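Both complexes below contain subunit A, partnered by subunit B and then by subunit C.
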Partner chain A sequence: MDAGNPTGNANGQVDMNSATSALNLQNMDNVNYNKKAYIDFMDKISLLSGVVNGILQFESLAGFRNFFIMYFTCLFAYILFICKGKPSRFYGNVINDLIIETIMRELLGFIMAWTFSYALVG
Partner chain B sequence: MKLLEVLANKGSYSVAELMLDSDFKKWVLLPISIMMILTGLLKSDLMLLISPKYTGYPRVKLSEMQWFVKGQLLLGNGTNLDDESYDVRRHELIEILTSGKYVAQEKKEPNAEKISNPLADPSINESLMNMAKGNMANFIPQTIIMWWVNYFFGGFVIMKLPFPLTVKFKDMLQNGIMTSDLDARWVSAISWYFISVLGMNPLYNLLNSNPEEGQVNNQMNQVLGGTGQPAPDVIMKNLANDLTIATQHESCFDDIESRVLKMYE
Partner chain C sequence: MSIITTVLYTISILQILHSGFSSFEFHQLTKNMDSTTYPIPKDIQLECYMGLVVFILTSFLSFKKLEYYPVKPSKENKLKLLSTGQYLKDISLSKANNVHNLIGNDPNGEVTFAPSFVDIQKKREEIALWLKDNTKEE
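For the complex of A and B:
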């Protein structure tokens, strides 16, 4: 699991220059690669979390609460450990790419896995 | 507040407990799930087969594109060069881009100006056809599975949802079940179908991930002068203008000696 290709140079050049020049250095292919890596990561987490919630027979608010706790914990872990605390080097628009574009997809995947394992085990 | 109470099961809403035959899991829930997964995988393979073939571009078009990319890269990454190297490259690119030496010349038909009907353009027709094929590949399998689920697994409750739903969902999720007061959490097979349709995307992504997906599309988008874009020679001249005014150059090698020495102080 790696956020692979930084959009800026690794020799610290981005830090020396202005934010505008850092923006110019972003490569769309790398940004798309990083988005796919993040979606793959969150897909695995949300499906696994749904299955665990179903097996443990969580219901109603407890299940949704677990999803949001899991989602945001993984998001912060991703930003801290994989993006090394600098997600803007890897993504064009951090809020949009990391939260808005994925949260609905992961919530629906979670509900599907949760419902399925809940019905199988229950 | 009422909604929260319902969600937390703290209200006076009692859920009737039904005893379901465990064979429902084996003979209804699992077959529908397996069928949904297989259909999704088949659909993605089908989409790959009917997707437009990558036809490639003539050499002149590719070299036109590469000169443009070279100009963009110099603007974006020029700080990695020292002043002299940057200026040499900048002047050379300004000269080449302004002269239009590498702009691909297209064959002009004598009546090209008169054609204004967009539907007569074969590339637009092809893209419309591809879009229609994609839509068909999406909704035909869904319609068939929905009919299959309704026909073979309709009329009985198969599962209990782990979250509460309002009474308005009863008509859709308990379709064919003649109980007026059964809680909406007890649902028929069609509701599992809907949940699967909405939530299968992450699973398909993991089962069917193709790392090379999208690379061809990116290559296609990079070609200049596509539909709705300005002409390539105009784009080249705009880039030459950008390079002309990009005289202020800050190199990452400026004061590098002092910065390196500072690291070891």
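For the complex of A and C:
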């Protein structure tokens, strides 16, 4: 009976390259550092653009339109200049880490600053 | 944060505060005039937008290239900061270890620098030599 070699090839050698790339090991300290850098950056900008929207008395959809324009402009500039066009090098899952996880947080901060300055000025 | 970014942040926040106060005054004036709504004057709008643009540009400027202190000083005994020219840190483990190699961090340091593994006689000779060299200068 031939037991075989489940991980080896025909010569009985283990392919180390495919084994290490399949593991896709990440340095968690660096992952957290990059996420924090992005969130700090976006927090500042979304709060201040909320204040600007309130000062200029934008209402309803115009304010949300301004938020999305600001958010995606800053996101593309971040990818171009800070990630140097290679976001997958610094973020494990680019769409999830840069958009889905943060957009609700930034939108809520934006609305808070927007309504606050709108009520103060108007 | 460098001086330039601090100054630019201050300018942008002052601009936005000033335009906010101007907008407030404008709304107070128009409230007492009649029931028609007036658009906000162009100069207030421009000041507000300029403040936001300067703030966003400054937050890009405030990103610094990461720098590391070497573990062991170079042969000229100068402590020079090392940089990989990146703003963020690599996440894949193989790339992240390049920084440890760059600054001369020994991955087996816990073992090689354990007291029972250190060549104590060699260390004593080194220190004696160092003391000899340094006492001559005085």
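The criterion applied here is as follows: the second predicted complex is superposed on the first by the 96 of 122 C-alpha atoms of A that agree within 3 Å, B and C clash if a C-alpha of one lies under 4 Å from a C-alpha of the other, contacts with A are read in each partner's own complex, and residues count from 1 in each chain.
The criterion applied here is as follows: a contact is a pair of C-beta atoms (placed from the backbone, for glycine too) under 8 Å apart; a residue touches a chain by one contact, two chains touch by 3 or more.
Given the structure is predicted, the values throughout are model-derived calculations rather than measurements.
In the superposition on chain A, A:83 makes contact with subunit C only, not with subunit B. Of the two partner chains placed by the overlay, neither subunit B nor subunit C lies in contact with A:66.
In the superposed model, A:41 lies in contact with subunit C only, and not with subunit B. Judged by the touch definition given at the top, the superposed model places A:120 against both subunit B and subunit C. By the touch criterion defined above, A:51 reaches subunit C but does not reach subunit B. In the superposition on chain A, contact is made by A:112 with subunit B only, not with subunit C.
Residues 24-25, 29, 44, 57, 120, 122 of subunit A contact both subunit B in one complex and subunit C in the other. Listing the residues of subunit A that touch subunit C in their complex gives 24-27, 29-31, 33-34, 37, 41, 44-45, 48-49, 51-52, 55-57, 74, 77-78, 81-84, 89-92, 117, 120-122.
For subunit B in complex with subunit A, the residues that touch the partner chain are 4, 7-9, 25, 29, 33, 75-77, 79-80, 158-164, 192, 195-196, 198-203, 205-206, 209, 214-215, 218, 250, 252. If you check the complex, the residues on subunit C that touch subunit A are 16, 19-20, 23-24, 27, 40, 44-45, 48-49, 51-52, 55-56, 59-60, 63, 86-96. Within the complex formed with subunit B, the residues of subunit A that make contact are 9, 11, 13, 16-17, 21, 24-25, 28-29, 32, 39-40, 42-44, 46-47, 53-54, 57-61, 63-64, 105-106, 108-116, 118-120, 122.
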